[in-house]
Every structure is written in C-alpha cells, then in structure tokens.
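Each of the next two complexes has chain A plus one other chain: chain B in the first, chain C in the second.
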Partner chain A sequence: MQKKYLIGKKAVVLLLIPALILISIFLIFPAIWVLKLGMTNETLTGIKAREPDFVGFENFLRIFSDRFFYNALRISLLFVFGSAIVGQAGLGMILALLTYRKSRRLRTTVQSIVILAWIIPEVVVAYLWIAFLDKDFGTLNVTLSWFGFEKVNWFYNHPILTIVLFNTWRGTAYSMLLFSAALETIPPSYLETADIIGTSAWRKFKDIVLPNIKSYIFTDLILITLWTFNVFTPYLLTGGGPAFKTELLPIYIYRNAFRYFKIGYGSAISTVVLLINLLLAIFYITLSRRKRT
Partner chain B sequence: MPWVEFVNVVKRFSDVTAVNNVSFSIEKHDFFTLLGPSGCGKTTTLRLIAGLEIPDDGKIFIADQDVTYKLPKERNVAMVFQNYALYPHMTVRENISYPLVVRKIPKGEIEKRVRFVAESLQISQLLDRYPQQISGGQQQRVALARAMIQTPTVFLLDEPLSNLDAKLRLEARSFLKHLYTELGTAVVYVTHDQAEAMALSTKIAVMDNGCIKQIGSPKEIYNEPANIFVASFIGNPPMNIIPCKISDRHFLVGEQRLQLPIPLTELEEDAYLGIRPENIQIVTAQGDLRAQIFVIEPLGVETIITFNVDSFQLKCLAFEDDIPYKPGDMIWIRFRRDKIHIFDKDGNRIQGSETCDSH
Partner chain C sequence: MKDPKRLSKIISYIILAPILAFFVAPILWLLVTPFSLRPSLFISISKPTLNNFIRVFQNKTAINAFKNSVIISVGVVLLVTICALFAAYVLSRHYFKGRDILLYILVLFSSIVTGVAAMVPIFMLNLRLGLIDKELGVILTIAGGMLPTSIFILKDFFDSIPRSFEEAALVDGSSPLQIMFKIFLPLSSKGIIVIAMLVFAQSWSNFLIPFILLRTHTKYPVSIAIYTFFTEVGVPDIGMISAYALLYTAPVIVMYFLVERKFGFSFYGGIKG
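Right, the complex of A and B next:
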C-alpha cells in the first residue's frame, strides 16, 4: 500500500525553497565568503581594504606558526572541557538527578533559579560577575573576609577558573532542563523494579538511567560544546587578559580581525575554528551512533 | 501465622485516602487477588506490600516480620509491572539475570538459574534478543522470569495480562495458573477483570474506594456476595439487582407481587433482590414475574436475553440452541428458589437469604 503523506513531495520542495534561499544568503554564502577572505591579505582600513591580494594558504601557514593561536586553542579546549563538559553537563546532570522523583515544587524552584542565570542579558551578567568578583568590594571577597579568609584577586590570579565558573553558572540551566526532561521519559517502573531488586543508587544510574538517556546526553554535549567553543561573553569580563591568559579562540579572532584590522588573517582563523567545530560534531555523532556491543 | 498480613493499613495521597483501614491475611499457598474498578486502591495496596509506598497508619507483616517501614529490597518480594519494565538496552538474558548480577552471585550459578527459569517459562530460544524484538506475551514471560529468578517470599503482579490482546490473554492466564503451582509461594495479583480473578485465585479481596468489600474464595464471592457492590462486580453478565418492597412477607417488584414467601423475620420495607442471569428461567406456565423481551443476543454456547419488568431491566442466560421468542414478546420468568439473594436498603447481604426455598 502506498504511504499517505500530509502533503505531496512537490509541495514540500516548494515550501522549503524560501527557507533554503534564506539559509544560503545568511549562512552558506557568508561561510564561503570567509573562506575566500581567509586567502587574501584584506584589512579593515588602508590600501589593502580596497585592493586585497590573493595570498593562497599563506595565512594558514602563519596561523600554525603563531604561538598565540596555540595559546588560544589550549585555553579554548580547557574552557570547553571545564565549563561545558564538566561544569554545565556535569552540574546539570547532578541537579537534574537531585530533583528527579522529588516534589514538583522543589523541582520548579531549582529550575527557576537556574534559568534566571540563563535569561539575564549577557552584558548585565558580565557586570554582575565583575561586581561579584571585585578584589576590594566584591561580594565574594567581602563574604570570604567575614570568615577570616584573605581577599583573592580572582581575575588576576585565577583567570581561567574565573571564566570557567562564570560560563558554568551561565549555561547550566540548559543542560539541567534537557536532562530533567530526558529523565521524565524513563518509565518509573524501571527504577521501581531496581528498587525492589536492591540496586544501589550508582548502579541504577549506570545500568538504567544512563543507557536510557544516552541520546539526550549526546545531543546536549554537541550543542553545549559548540556553543561554548564559540562563546564571546568572557571578553566582557576579562578582555582576554591578563596577558592573554583568557584569550579564547573567538577573542583571538576578534583581536586580529578588528583590533589589528587584519580581516583576512582573522577569516583564516575562523575557517580553522569552523573545521575544529566540524571535527567535534563528527566526533560526537560517531560516538553516539556506535552500536552497542 | 499468615504469610502476608495487613493490619488496619491507611495510605493517603494529599487529600485522597487511597487505602482506608485495610486488613487481610494471605497464606503461603494463596493466589490472592485484589479486584476492583480503577482507582479503588488495589495497586496502591500492592505497592504497599512491595514497599514502594509507606503507609500512613497500620502495620504490614511478611513472613512473620514487621516490614511496615522497611525498604523494598529488605522485603524479598518480586514485582511484575503492568508495562513489564523490561530494560530496552539489555537482552532478555541480561534482563533476567540482572537481579542476580546486582546481588553479586557467581557467574556460573547465574547461568544455571537463567537456564532453569527460561526453560520453565519456555523462553530459552529468546535469550539473546532484545525486548522490543519479542511479542507482548513473550515480554510478559520474561518479566515473570526476572521475578522468578529472585526466589522471592511473595510475587506481586500488577495487571500483568492487561497489555495483551484478548486471545493471548486467555492463553497467558492458563499459563499463569499452571506456573503458580510451580512457584510454591504466595502470589498477590491485581486486576480489574473479574473473570481473571475468578479463574486464577484461591482468595479474592474485592475493593472499592480504598476499602475491602469482601474477602473470600472465588466460590464464596460468587455465591454469597456480601453486598450489592460485590454482587454486581462479579459475573458476566453481572447479577441482576432489583429494588423491591417487602410487605406481608412477599416481595413487591413494581406493581407485581412476587409469588415467593420469605422465611426471614425482621425485614425492612425497602430491600434489593439479587439473582444471577443463569438462575432465571423463562417458563410457559405462570412463573414469578411477567416480563417483556427487550433484546436477544446469541453468543454461541449461551444466549443473553434482556427483558423489562416494569421499569427494571433484567438479563438472563439461556443455554438452549433455539430461543423461540422475539423482542416484544410477553413472557413469564421464574427464579431458582435457592439462588435468590436479599440485600437490605444499604446494600448489605441479609444472612440466610439464600435459603428462600420454602417448598
């Protein structure tokens, strides 16, 4: 029997065309444009802004011998690992598990608090954190000094920790909500059966919860890894400093393209970052599609 | 000593009392069924035995131990859920052996016991498949196998047949009854299907609104229902309940006077007369009541005949091949004298009413 669809194939194509055109104009075309820009020595001002030369792969060769690139890459990877994978996904999972099978009120309260961090505009959040971590009058240092601890210059002495904590705080809501929703898809009887058998909490998580929400975890990891890799907000906190210690790849691109006006070189770095993102996505997708043994 | 015992157990969910002062005791050899309509508290009662719910009041004993506040794992029970709760990412073998793996039993021993239960449940050929690759009936057996391998004190089954289609359900019911003889310990079974309860149980507790309405063997429940609720819940079609008046030691059904003297003294004016469909006969001579046939439903072996007596509708079961009537015919009906039940105006059985036969 022929399958019945809601609308015919031709109609589907027709309806998709406007979206495809928009995606082409705003996503695919700029991506190709960046690729092309990356092979020129175009600048923002000056003579090369009007008449850029085609330089082939010269920019790319320069990137791979630039120690600032490796610095930014290292910090970005640390940042992604610390704030996205350990911080957001880890903390999000813990919060989701803590509120799972608990009263609705507790869950709503925790979720509301966590979401607050997510819905406040980025610039406001950055200033909140600057106020919170200020060396002399910041809330954290004042509180610490009440308990007899010495004041800490967070931005100066622990720059990476600072932006990792900041981004964890900022993004945990997403993972927590996603994991909470994922946990709801597990029939309660799965865990009740385990309760009756006498399964420990850890084994319940490992044997029953984890395998049943695996696909949700991978979706979450793909998204937050890519978002975190491309996030620019820490710039509002530290400006990439001190001494390039928090210069993530997007900040490194920004510095080259818009501070040093080397738009061609910046585009080349963007292309490299694009490829890294692509590799990460492919890595996760292969991992999630791996057949069970 | 009873094997499982409930003493005045109460369970509330916010402002709803799900289980209201329930007491019963189950012997080791019992197949005990909690029967009732949905929302009557039967599943909550089962979950109280399992320890998935903790009672607000009362005591629960399993095998002479007070387990009222014990964790599920300390009670040595095994439960089969309505949806079977098989883990989709584990093979049938992994599912069945999971309770033993958790309890760190040696591999060889696990292998031996899995083979044994799989054989007695006839699922040996399915061990390497995943739950979604086998049929509903097979899934149910796998769930039973996972319960059996735990060698529990009590088996708890929560409507295990309700997810199967009608034909498979009958088959699974027979199999379950056969399996029960092999289990060698008490089974507590929850269902809303009175036929399942009658077919499987050694003891039935009929529940309504969180209370037990009657406990007894299937025979007792069927032949001597304690009240109108039990009487009309058991049997298919259920018992006919006719509101009537009693005067001058006779029943008055609507305008008609039932030619049936009552040997009981101390009767109230208003009462209910109960009679099962198979105990009503259509007679050619003058019977007990005049009735008009409403509809005739032949079902093969038996025929359900519905007729009107004044403003009441009664059903009767006839087992003859040819029913020489058609809707609209006026007939006489006759009640089997020893099968009449009398309930007072609150719906409770009047003791001794089954001995109406005064001939």
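Right, the complex of A and C next:
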C-alpha cells in the first residue's frame, strides 16, 4: 500500500466531490432521467406541463410508426455515411498520403488550413457557408460561372449534398491528423524497399500502408461516426429544410421539444440517440483497450 | 530515379490544389470581407477600410454579447480548471476501491452524453433548478460536460511527475495540500494552461447550450447574437456581421495555435462538448 501515504480518506472525498457533483448532476443524471421523461406526456405549455401523466412505452412505440422519425434517421445515416465515412475519412486519408514523406513546410501549411475549418466557432462556419453557397453572389457559384457552369441553388436543389459537403469541410482535420500520425509509425525501410523494387503507388498503399494503420482507421471511423451523429450545426445552415430534407435526428429532437413543446416525445427520441451513442462508445472503448494490451 | 519522384511530386500538387482551394475559399471570405468598403457575398478585394469594425463597436447588442461571452467562458474555465485539478490529483496519486470503475464511467458518459443528444433533459433539468435564462445554468451545464476530458488530460500530466519529488517533500514535512500547490502546480503548469485554453475556446464557441437555455436578448453570448443578426428579417449588414464574426473567431484561433505550437498538443477533438 505504498500509494496510500499521500492523502487521507477525508481529503480524497473533499477533493473529488466538487467535480463528481457537477458531473453527476449535469452529465450523468440527464442521460438517465431522459428515460423517465420519455415515459410521460410532459409538455412545456398547457395542463400537461403541470401534471404530466405516466404513459409507459407509448412514446417509444409511436416512434416506430412516425414517418418523420424514419425521415430523420435516413438523413442522419446518409449524413454520417457521406460526410464522415466517405468525406472526412476519405479526404483525410488523401491529404495524409499526399503530405506523407514531403517537406515539413508543405505539411504544416496544408494541416493549418484544414485545421482552421475545424476550430472556427460553428455559428461563424454556418455564416461562411451561407455566403459561400449563395445562389447569385456566393463565391462557389461565381467561380463555377467563370467556367461556363449554370448557377446552382445548392440549398434548394441539393440539400443533402450541401450539408454533406459542409460537414466534410468542417471535420476532415481530425482524420487527417490521426492518419498523418499513423503513417509516421510505419518503419521507413518498408517503403524504401518498395521504392527500390519499383512497386506501384496503389500496391504500396494496399500492401504496406493499409495493413499497418488498420487499427487507426477503425478508431477514426467509430469516433467520427459518433461525433457526426451528434452534430447540430446544419440547423444553423438550413433549419432542417427545405421541406424537412435536411432534418437530422438532433434537429428533429429540437423541433419536437422546442417548437412543438413535446418534452415527452422529444425525450423518447433523445433516448434512441443516446442508445446509439452508447453502442458506438462501448465499441470504441473495447477496441482501444484491446489495442493497448 | 529522379524523374519518377518529380512526377509524383507534380501529381500530388495537382491533386492538392483544388482540395486546398475548397478549404481556403470560405475562410478567405472571412479574412477579406470585414475590411472591404463594399462588402458582398463574393470574395472581393476593394480599398481596405476599418469602417465595419467601427460599426461593430457602435452596436450595443454586439458589445453586450461580447461581455456575456467573456462572463460565460471565464466562469466555465475557472470552474473546470479548479475542479479538474483537485480530482486529477486524487485520481493520479491515490488508489481507492472503485477507482477504475469510476474512470470507466467517466469515459463512457463523457463520450455518450453530448449536449445535442441530451438537449431535452438538460433543458428540463435547468428548468427544474430554476436556471433557465440564467448565465449560471449555461456555465454549470457546459462545465459538467467538459470536466471528464479535462480531468483525463490533467491526470496524464500528473502521472508523468516522478514520485520521488513528493517523497522528498514528505520527508521535509510538507502536508499533502502543500505538496499539491508547491510541486504539482508548478510542474504541471503546462497542462493547466492547455486545459484552460481548450476549455475557453470550447465554451466561447458553444452555440446549442445558450441557445436552448437563454431567453432574454441582453443575456445572449456572441454565438447567439451572430445567429440572430444573420437570420433577422430584412437585409443583413454583411460588413458588420463579418467584422463581428472575425473579432469573435480570432481568440479561438490564437489559442489553438498557441497550444499547438508551444505545447505540441493538437488533439482538440477529444474535448468537444
């Protein structure tokens, strides 16, 4: 018990308590309480605001026949697949490979630019993209028109593509940094040998790079799936429209709870999202523990 | 040998150029437009002016929101840093029954419970506690969400301090609290600065929590003020909004690159609330 000498039991409790109280009340409690809220018909206005009834699993059963829920789920899945798995991981990998074994200056420049998109506050990012995609005066359409393309009403005609492109731009930095770090772990002699034999770039990627950084790729995919699933920023760009075409699950929760004041039903959908998060998190923690041992 | 290498270099530049253009364009607009005499939605460089910034400083709502953002962010930073410091010290230096389970619970909940997934119970909790439309509610909610990650980062810093340091102090007759303030604080000042800056940047940028918890316009932080500016009915004042957005973004960028350059600490993603 060599470790016990430092602080007494009382001090341990005293020092831990402020953090534990804050975390239990504002982080853990809401996640558990949401189950109970989801079993009531609580609203923010009217009679049910005062005395909500216990309705059991009614809200949860209703979710299964709610076509707006399926719409939101479908858009969320498209959004995660398009912007996280294809967009961020794909582009992140391309950028990591293109700056691998290149000059430090090139890598720092590329990384700094991509990181900027990642750290600018979300409300500013939303405004930048509203300007960037504006139909008549936005930079993208004006540039396209120089090359003879017609002007596109991005938000109206390609709503899902718009938020997918936006979120790819927003979040590629994490995958790029992780993959860049992963590439550094490959022993240089592997690739140097391949260079001497004159192996093609594709074979080098498939036979040397990919097997060596596989575990990093898994980690990245789980984490960005979890984060992308919990992104609210597209609401600032589109408000969920036009005609619910960009209504991700978080935006659907927001609409139910804060536009229609249906706290009970909103909580039920929240529970579903939290459960999906739980699955992804357990998957991630198990994987990263196995990697360590 | 040389030619294929040069060729691959040229090819990689050809692929890189459009990707970088895609990343740069929206950011370039943010850097150029605030200084433009006739600001528009297109990146256009005209005679530079500071007019737009002057209009920000004349706008009472804008200035007031800056004040609110400072109150919220500084509040969160103080709360998180102090609580995390105590907790990380204990978790790093004291083994007690259930510590590993506690750590597991913290990791699990901090990754599951995002403000987005839990916005309804978070709102109801603040409603029941009488914290709706109060800055304190925003501060406590954001702090609770960021504490676990901050504790883990600080614990890592503490774990790297050799035990012989505190053993020496113990022989000198220092109390545990003295050891914490005299040995741990100075030796982990790097970690504390990293935590403080990352927490500041995150709470400064947070949109959703004040968006659902605050009602009164005079209490809005900058994130909500900018949102109301550009969603307002009528013609938005592009010059003023972009200047305001740049002033709001600058501290976040400065802090991030300070942390990265000075401390080589770039894993910002893990601390996202």
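The working rule: the second predicted complex is superposed on the first by the 251 of 293 C-alpha atoms of A that agree within 3 Å, B and C clash if a C-alpha of one lies under 4 Å from a C-alpha of the other, contacts with A are read in each partner's own complex, and residues count from 1 in each chain.
Note that a contact is a pair of C-beta atoms (placed from the backbone, for glycine too) under 8 Å apart; a residue touches a chain by one contact, two chains touch by 3 or more.
Not measured: the values here are computed from a predicted model.
When the two structures are aligned on the shared chain, A:Val273 is found in touch with chain C, with no touch to chain B.
Of the two partner chains, chain C is the only one that A:Pro121 touches; chain B does not reach it. Comparing chain C and chain B on the residues of chain A they touch gives the larger count to C. Of the two partner chains, chain B is the only one touched by A:Glu192; chain C is not. Residue contacts after overlaying the shared chain place A:Leu77 against neither chain B nor chain C. In the superposed pair of complexes, A:Pro211 makes contact with chain B only, with no contact to chain C.
Residue overlap on chain A between its contacts with chain B in one complex and with chain C in the other: absent. Across the complex, chain A meets chain C through its residues 3-9, 11-12, 15-16, 18-20, 22-23, 25-31, 33-34, 37, 42, 91, 94-95, 98, 102, 110, 112-132, 134, 137-140, 142-143, 169, 172, 174, 177, 201, 223, 226-227, 230-233, 236, 250, 253-254, 257-258, 263, 266-267, 270, 273-274, 277-278, 281-282, 284-285. Note for the complex: chain C touches chain A at residues 8-9, 12, 15-16, 19-20, 22-27, 29-30, 33, 40-43, 79, 82-84, 86-87, 89-91, 93-96, 104-114, 116-125, 140-141, 143-145, 147-148, 151, 166, 170, 176-177, 179, 201, 204-205, 207-208, 212, 223-224, 226-227, 230, 238, 241-242, 245, 248-249, 252-253, 256-257, 266-269, 272.
Within the complex, the chain A residues that touch chain B are 187, 189-190, 192-200, 203, 207-208, 211-212, 292. Chain contact summary for the complex, chain B toward chain A: residues 50-52, 71-73, 75, 77-79, 81-83, 85, 87-89, 98-99, 102-103, 146, 150.
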